[in-house]
Structures are given as C-alpha cells and as structure tokens.
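Letters A, B, C, D and E name the chains as they come in the text, with residue numbers starting at 1 for each one.
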Amino acid sequence: MTQWSGYLGLILQGALVTIELTLMGSVLALIMAFLAGMGRVSRFFALRWLATVYIEFFRGTSIFVQLFFAYFVLPLIGLELTPLQAGVLALGLNVGAYAAEVVRGAIQSVGREQYEACIALNLGRWQGMRHVILPQALLIMLPTFGNNAIELLKATSVVSLISLADLTFQAQVVRSQTGNTLVPFTTILIIYFALALIISWGVRSLERRMARGLDGVRV
Amino acid sequence: MDWDWNFVWEIMPTLIQGVKITILATLLGSVLAAIVGLGIALARRSPNKALSRTVGFLAEFIRGTPLLVQLYFIFYVLPDFGILLPPLVAGVIGLGLHYGTYTAEVYRAGIDNVPRGQWEAAKACNLSATQTWTNIIIPQAIPPMIPALANYFIAMFKETPLLSAITVLELMNQAKSVANTYYRYIEPITLVGAFFLVISLFSVVLLRWLEHRYGKIER
Amino acid sequence: MIKVDAISKSFGSFKVLDGLSMQVMPGEKLALIGPSGSGKTTILRILMTLEKIDGGHIQIDGEQLYHMERNGQLLPADERHLTKMRQKIGMVFQLFNLFPHKCVMDNVTLAPMLTKGTPRAAAEKRAMELLDMVGMADKAKSMPAQLSGGQKQRVAIARALALSPKIMLFDEVTSALDPELVEEVLNVMRKLAAETDMTMLLVTHEMGFAHDFADRVLFFDRGRIVEEGKPDEIFRHPKQERTQGFLKKIIAAGHRV
Amino acid sequence: DDNKLEQLKAQGFARVAIANEPPYTAVAADGKVSGAAPDVAREVFKRLGVGDIVASISEYGAMIPGLQAGRFDVVTAGLFMKPERCAAVVYSEPVLCDAEAMLVKKGNPKGFKSYEDVAKDTSATIGAPGGGTEEKLALNAGVPRERVIVVPDGQSGLKMLQDGRIDAYSLPVLSINDLVKKANDPNLEVIAPVQGAPVYCDGAAFKKGDEALRDAFDVELAKMKKSGEFAKIIEPYGFSAAAAMSTTRDKLCAAK
Amino acid sequence: MIKVDAISKSFGSFKVLDGLSMQVMPGEKLALIGPSGSGKTTILRILMTLEKIDGGHIQIDGEQLYHMERNGQLLPADERHLTKMRQKIGMVFQLFNLFPHKCVMDNVTLAPMLTKGTPRAAAEKRAMELLDMVGMADKAKSMPAQLSGGQKQRVAIARALALSPKIMLFDEVTSALDPELVEEVLNVMRKLAAETDMTMLLVTHEMGFAHDFADRVLFFDRGRIVEEGKPDEIFRHPKQERTQGFLKKIIAAGHRV
C-alpha cells in the first residue's frame, strides 16, 4: 500500500546528511579540542583565559540555543550560514568544548614524572609535548573521544529543528506522508544505533593499534 | 536588527514560566535517572546472564540513540500500545531513561573504584556480603560519585529544550512561541542562552565545591 | 594445626601452585621466603579464602576449609561454612587495607561488633588494649589518612587481632614502609610472637627478621616448596642450589641475613 | 534591492520555505516538493526566468524570522495574510484561500462550533501549529495559553487527537481534509468552516526590501490568473481560483 | 665543580631546605643519606632545575645555574640559559620514568636527536654502545613494559648518559626494585664510577653500597647537612647523635652497612 522503498530512500538520504554532519562536526570538534585543551595548560595567561571562556561558554549554554543562535541570529549580524554550516559550527564548537577538557585531562594525567624526564633530558617544552606527552595522552583521550563522537552523532538529531534534512527530519517527513509513526522512528533508531556501534568499534580498534607494546605483550 | 529592551521585559514573565518547567523536568528527570541507573547497574552485575546481557544491550541501545527520537517514540508511538502519557511525564521518563544509562556507568565505576583490598579486608574481618556492602563498599563508593552525578544533572538540564518537541512548554518552547508571535528571534533566543549560561555557571561553581568536598577519599 | 594437601591453583593457563603440601603445627611461627612470583602470597590468600583452589584439600584443626562433610561426602563449602572457618584466621596485608572512612577505633571494633555481636563498650575496651599493645592507643580517634605507613600497619595488626584468630597470616607487612618505619612494625610482631601462642605464617623479604622470628622457614620456588628447615639451616647452609642462588642475590643487594 | 531577481536568475533557483502540510505544501516519497503553493511559485519563477525552486521545510513560526535572516527568498506555504504579517513581510497578491476547520472525535462530543466554544469549556484543549493563524485565532477567542497546545506538524496533531491528548485540532479546511483522508479513521469528524473565523488567503511572502521582486511576481501571477493557468494548477488540490481572484492583498492586509 | 651557596626552598609554609651550602669537586662521587623527608631528593631536583629555589645561588663550573649575569647584574635565568646549563647534568629517577610508548632504542636516542641534532645513525650507534655497557643491547627493540624493574633502570641510566653529562644525579635508583634485581643496577653504577670521571651525586638507602661507592658522604636532616665525611667515618664513627640514631635504626631494620 505505501511505497516504503521510496521512503527508505528518503531515510537513507537523511542518513548521509547525518553522517556528513557527524564527520565534519567531529573534525571541527577535534581541532577545537586540541586548540582549547592545550590552551588550558598553556604558560600564557591570555591563552588560558581565552580557552576557559570558550569552554565554559559552550558547555554552559545548551546546544539548542547555540544552534538556533547560529541559524537565526548570526545572519542578522551579517554572518550568513547555510543550515549545514550552522549545524556543523554549533555541533563542532559544542562538542569541541567538552573534548577540550578531555585533552586537558589527558595531558595532565600523563604523570608529572614524564615531564620531569623531559626536562632532565633537556627537551624543549614543545619537543617534550610533541614526542613524549601527546603520544601518551592521545591513548588516554581516545576512549572518551569515542564517547564524544557518539554524543555528537546523537546531537545531530537536533539539526532537524533547523530544517536540515538529517535522519530525524526525514523520519518526520515520512511520518507526515504516510501517517505511520512506528516504522520510520524504529528504522532511524536502528540506524543511529548502528552508526554508534561503528564509531565505538572504530575507536576501539584504533585504541588497540595504538596501545600495542604498551602493556608488556610482545608485538 | 536591533536589540529591544522593552521587548525583553515584556517577554520575561513568559520565559520565567518556561524556566520553572525546565527546572521541574530536570529535577524529576534526575530522580528517575538516579533510580533507573541503580537498577541498570545492579542488573548488569547480576549473576543471571540472561538478565545482565539483556539489560546491558538495552542500556547500550538507549545510550547510542538520540534522546529526541526517543522522546518522539515515547510520546507518539507508545499510545499505539495503550500507553498514553502527558507531555511532561513522557519527557521526564525520556530524560530519566536516557540519563539512567549514564548514571549506571557512574555507579559501576564508583563501585569498581573501591580497591580490591577493601573487599579482601572485609572478608578477612569475616564480614558477610551485606555487611561488606553497607559498611565498607557503599560508604566509600558514594562520595566520589557525587560530582559525576551532578555533572549529568547539569547535562540533563541543558537537554530539556528537547522536550519542546513533545509540546512541553519549557523554556525553549516558550521562547519559540514568543518568537512565533512577534517574529523576533534575537531577544528570546539570546535570553534562553543567558538563562542556561547563568544557571550552568552557577552549577559549575556548585560542582567544583562538590568535587572538593566529596571528590576523593583520603587513604 | 593446618594441613595443606596437594593443592593446585592456576590463573588462566599459568599454574601458580602445583600440588603443594605442607603442615603447620599449632603455635608455630613459619616464614615463607622465595623469589618474586613463586606463590607465597597466593598460598596465604588461599588460606584466607580470598582465592579459590583448583584441586587438593586444606584442613584447619581437623576441619575441611574448602569442603564440608555431609553424610560422609565432601561437598564444596558454602558461605556459612566459610564464615565459620574464617573465624580462626586473621590476615594483615602488604598495603594495610584499612577502611579509610572509619577512624582507627572503628576499624578495630567493626568486625567484632558486626560478626560476633560484641556490645560497643566491650569491643572498644578490647580495642584499646590491642591499640595499646601496638602502641597506637593515643591515635584511636585519628583517621587512617592521618597516619604514617608504619602506624597504619600497626592498626591493621590490631584490627586482625580483634577477632582473636588462632592463625595469623602476614604478607610482606613491612615492604611498603619507609626503612625507618619498618622497625616499629617488626617490634610489634616480635612482641606478638613472644606473648601469644598464635600460629603465625609470615611472607617476607626481610631475611634478618625471618631468621630471628621463625621456628621454621619454607623456601618457595615456582609454586613448590623447594627446601624447608630451621632458620639457621636454611640461611647458613642452604642445600638446594636455587636457595643458595636466591640468598646470595639478596645478600649482595645489601640485606642482612 | 532591485537586483534580487537578477541574482536569482544568475543562481538559477529561488529558495522557498514550505511546511509539508498537504495540500498546501507536500514532499513526495522521492523527496520532490509539490503542493499548491510551491507549484504556483515554481511556475511564476519559471516565467520570470528563474529555473527552479529549492525548498526547505520549516515550522510556521520560523518562517518569517527565517525570511528576515535571509534563510529563504520567499515563503510559499499557506502563510495567511494578516495585518501583523503584512507589516513584517511583503506579500504578493492572494494565491490560496481557505477557511478554518477543526478536527474532533466522531460526534463532536464537546459540541465545538467556534474557537469561543473551546474557550468556554474550561477542560478543553485545542492543538494548532506554532505561529500559525489557528493558534492566534484561538488565543484571540479567549482560550488561555496553556490550553492551546503547540503541535509541530499535522500528523502529530492528528495523533494527539486520536490519543485523546487534545480535544480539537485546528488547521485550514483542505489541510484537515487531507489529513483525515490519509488517516482513514472513522472515529474522526471535521467541523468546517469554524464559525466566526474569516476566510483567509495566503500569498507568496517576500522579505521587506524585496518589493521589486514581489512586483515582478505579481505581474506574472496576474497573467496566470487571467489565462486560467492558475486555476489549472491549484484546483486539482481542491483550492478555489475564484476565491483568490475575488479579493486583493490590500483588502486582506487591512482586515481587522 | 658544583657550588651550592645558602639555598633555601619551601613548599607552602614547610621549609625543606634551610640555607644549605655544599661543594662537589669534579669527578667526586658523593652519597647523600638521611631520614625520609630530610630534603635529599629536593636538592637533586633543584640541581636538575625541576624545582625553583627561594633563595641562594648555585654555580656549576663557575656559571650561575638559576641566574644569568648581564652587564654585571644577576637576573633570573631564562629558558635559554637553563637549557644551556642542563646540558651538563643528567638524572636517573627512582621510578625510571622511561617513555612507555617508545622502544628502548628510541628512549635512548630521542634526546640526542632532538636537542643536539645528532643524526639517527650516529645516535643509534652511540646508544648501542651505552646499552651494551649496561648489558641491555639485546633488548634494544623491546618496549619498556616488557622489561623488569632492574632492566628498566639500566635503560634509564643509558638514556641519561646519552647526552654525555658531566654530572649525574641518582635518586634512590634501586629502591623500587625487587631485592633480587637491585644488584644488577648497582653493578652498572660501580662500573660507571670506575670507568668515567663524571661527578656523581647519589641518594640512597643502601648503606652498604653508599659505603663502597662514595668518596664522601653527606648526612641530611631537616634540610641541613648535619654531618659529612669519608664513608668510614660516617658509618663506623658517626659523631652526631642524630646520625648515630639513624644508622642504628637502619641496621636494626635489617640493612647491612
């Protein structure tokens, strides 16, 4: 009776948009996380202050507010963004603020003794950071980054509220075309879950690869 | 477009109505999340494999899919199965279930972080299982959980705008309805952002205090 | 009296104890020495029922530890049986394992009050005697975090004694302590050995102390007892090559025997 | 800005806001935009030399702010002309006209005939799209804010009525009819038109400042009305071309 | 030559070093002993510039460590000055502090390649010589996690030597090791003392080793040097009461002197 195949196509289009948002948002979040996370442990007060303001602001206001702001208010002050740009910007900056704290935490959780070993070996600050601290911190960040990416994936659903045709949005469309609620929403729940599984599987295998040799098992 | 202070004062009472609902939803949602989380944590520790696996999978599923879609599901699909919930109740259940999967992890970590030596010392003191839980494990597990739980409390607070999708008249929905009436987005959305920022910053201070007070047990 | 009969224990595919047998007489002071990973801690933990065994039997005062006799049959012990057996045994850990959320006094009185129903007043009186014995009476109200390592360990000893066990197990009770603090704990143990007739099993790397303290020394290697005897025999005239090698290294490392 | 039309021609399409509320606006299974309002707009723009329209679905309440924020070039969504809206945007001449309707349970158990009836029954709730005409009509009729439930879309409104969460759901007549047809539920009843509610007409809504574009739009629209092409597009959807041609923007915008 | 002149250092309100002065001759082997918390680690960390000082001066080979002379004025040292001074000094830590994500070879070659721009081939050749000297040449490709404590510490020594410092600081380099593994590290250090003319400062609780190894012993207590002298003087005939008490405790705890 209903042309489910056509509607499935619509939902898959939505899945593409969701994936696109998640990927681009993650890249932006990653960049912001490292900038702000390292800013937080910087020697310079101004950098620390800037990073703190960014982090507290984006963690403090809700993602919805940020999204609506990017979509409706920024154009009024002359910053035109497509819905996709607005979505990526809000998601990336928001999740980036959370991930920045992960970066900071990981950098600080690399034992003080590693910093001291760097000084004793006369490595410069950046050399120590680059060759000793970050490689170790990265491994600590990874699992939480995985969680952040899943949070980002889930947060993409709110872009449907600014009429970006993502999974949730297409499910709404299908629903209003067919009058059926159960089928489209169940479908997208499964798709979201599958995407989340792919993310956590990817992060886990990355983690395994990076951890090789660190646990005393011969590689 | 210019900022209009008169308009701000005009819409303030409406927004404050919304803030009340937002806070109510957060409080009720937190209580539910605390209970649901405990249930999940206990079920996952259960020796009954079927129970722990099923609950484990469900929790993963809920955690891997967007709250927005879950809310649609609870609000629009459950009635087909004879479960008709008022919007606020549906919203609180959605929040409670979703965040319950997070608090479950907090409980698990809290319990796992009690050193194995404490279990062993309890055994060497010949305490029974119940005595060990009530006298040794729980008193040590709870304090470090408090900051983590408070963190999710704040996160939940910031996700309440999602309830607007199921017609709960919380802060975001009030703001949207104001915007719909007057065709002005800049003031309502900025105010919502300000409300969230102020309340979040306030809770961050509270959180730091909680961390300071309960964050670690001195051994 | 403790009878350990051909017990074995594996972690995964790694066999830690391999058909180990030994006997300990009532009141005997026994030192267990041997290289790292040889299974010394494991046997103590098994006696405290912190680990399960894979095979073999253990009897304490003629009663099975891990088994119950029912109508002439040996069944695996249930929790009730284990609780009963554990009353005979106390253990002191390398890292003290004090309850960090309870003060010194409560650490000592908790178990008697909960497991034996001792009234608080009586439990506290006994606790004060014990704390006095270990030289910690004046710290009864302190929290564990406020104590030095040596003080913590002395409280841990008092706590284990509060249940009046017949057998006390000590697992490297001084190895986490600063060298200066070691002596105060060893003094408490000397006093304990002299004043009570408890059976005491001691795992240690302090060869000098083992020598003075023990009636008998067991040398462990790879989950087996390679050599046993009076301290003088083992430390001065070890027969086995493995024992000789071990002691030579320890001595070279600057430890007095 | 007079160059707006040139810009649109250059980029080859116009961005329109729609609501996905058949028969006004609709999205087909293949994702193609249809419905009476976009179809008219597509044809007019084609005649103006703008090849196509690109639609984004939006809530009613977000349309005018979106237009002001430059999110769309024009709203073609059944956004009825009313004096406040005329003040916020510039409308074309009327396109689609319709009366208001209410969807209720079979037999109209609460006996609603007008929005005032809903206001009088203190236990009654009415659903309407947020920022839509019906919401304002209900509020103006004296239904308190908390009994006007803002419903995101038609399907949700229908569902909430079926589930008994609201007592009435109000949309234009043709929208309600379309919903009821799809729902195929014998337990529903349509009250149309709602007493005391005027017949409204929508027009294509442009951003203030785009009057030149609007005027160009009006010229082609008038030609189409005359040639009968206009009727050919909207009448299959159930709208009356005569109704749209019998009134003018000026009249509708002046109405109280 | 190292000249420490009246330096003081506090952590919060707690004064760790209190106007401490000392001199170390080029090539001298110095042992720092004393009770826990007396400031031995702190002075080494200050020489390595891991802690700042609150007052006083330090000169190394006639150059100020924490200060720079500019137009006859003494200014606080900047990062560039510190980097230059650190070239003279190497340090080995109690907990090895190897880089866990790099193999043994990379641990040793990292600093020469980054700080001196040594080409990889040359750095690896020199690293192999050093690893050979500490008996770790066959483990060059291993990850630190695959090594025992003694092996880790030997790699750490090689790593510190790779920068060819004139002064080496050792902070309780064996105290985290199993007793059996201590000797292999001490052997490396004996070799080092015999074969090179590096200045070596050693903090240790291994009194026997300090005795054999050092040209001179400093006894620390509460941030001051209470007694100093040849090892025989200090260990056999300590003059100060505090020194006598300390040595008595250490000996009682089973350490050979």
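Some notes on this structure:
Throughout what follows, a residue touches a chain if its C-beta (ideal position, glycine included) is under 8 Å from a C-beta of that chain, and two chains touch if they have at least 3 such contacts.
Keep in mind that what you see is a predicted model, and the values were worked out from it rather than measured.
Here the chain-to-chain distance from subunit B to subunit D, counted in touching steps, is 1.
Between B-C and A-B, more C-beta contact pairs join the chains of A-B.
When chain centres are set by their Cα atoms, the one at the greatest distance from subunit C is D.
The mean-CA centres of subunit D and subunit E are about 82 angstrom from one another, to the nearest whole unit. With centres taken as mean Cα positions, subunit C sits 47 Å from subunit B.
Centre-to-centre separation between subunit C and subunit E, using Cα means, comes to 38 Å.
Rounded to whole angstrom, the centroid-to-centroid distance between subunit A and subunit B, based on C-alpha atoms, equals 20 Å. Each of residues 62, 65, 68-69, 152, 159 in subunit D touches at least two other chains. In subunit B, the positions touching at least two other chains are 1, 76, 165, 185. Touching pairs of chains, sorted by label, consist of A-B, A-D, A-E, B-C, B-D, C-E. Residue ranges on subunit C touching subunit B, taken from their complex, read 45, 48-50, 79, 83, 86-87, 89-91, 93, 95, 97-101, 110-111, 114-115, 143-145, 159-160, 163. Residues 35-36, 174, 178-180, 182-183, 186, 205-209, 246, 249-256 of subunit E are the ones that touch subunit C when the two sit in their complex.
The touching residues of subunit A, counted against subunit B in their complex, run 56-57, 59-66, 68-69, 72-73, 76, 150, 153-158, 160-161, 168, 171, 181-182, 185-186, 188-189, 192-193, 196-197. Those residues of subunit B lying in contact with subunit A across their complex are 1, 61, 63-70, 72-73, 76-77, 80, 158-162, 165, 172, 185-186, 189-190, 192-193, 196-197, 200-201, 204. Across the interface of their complex, subunit B is touched by residues 59-62, 64-65, 68-69, 84, 88, 130-131, 135-136, 146, 149-152, 156, 159-160, 162-165 of subunit D.
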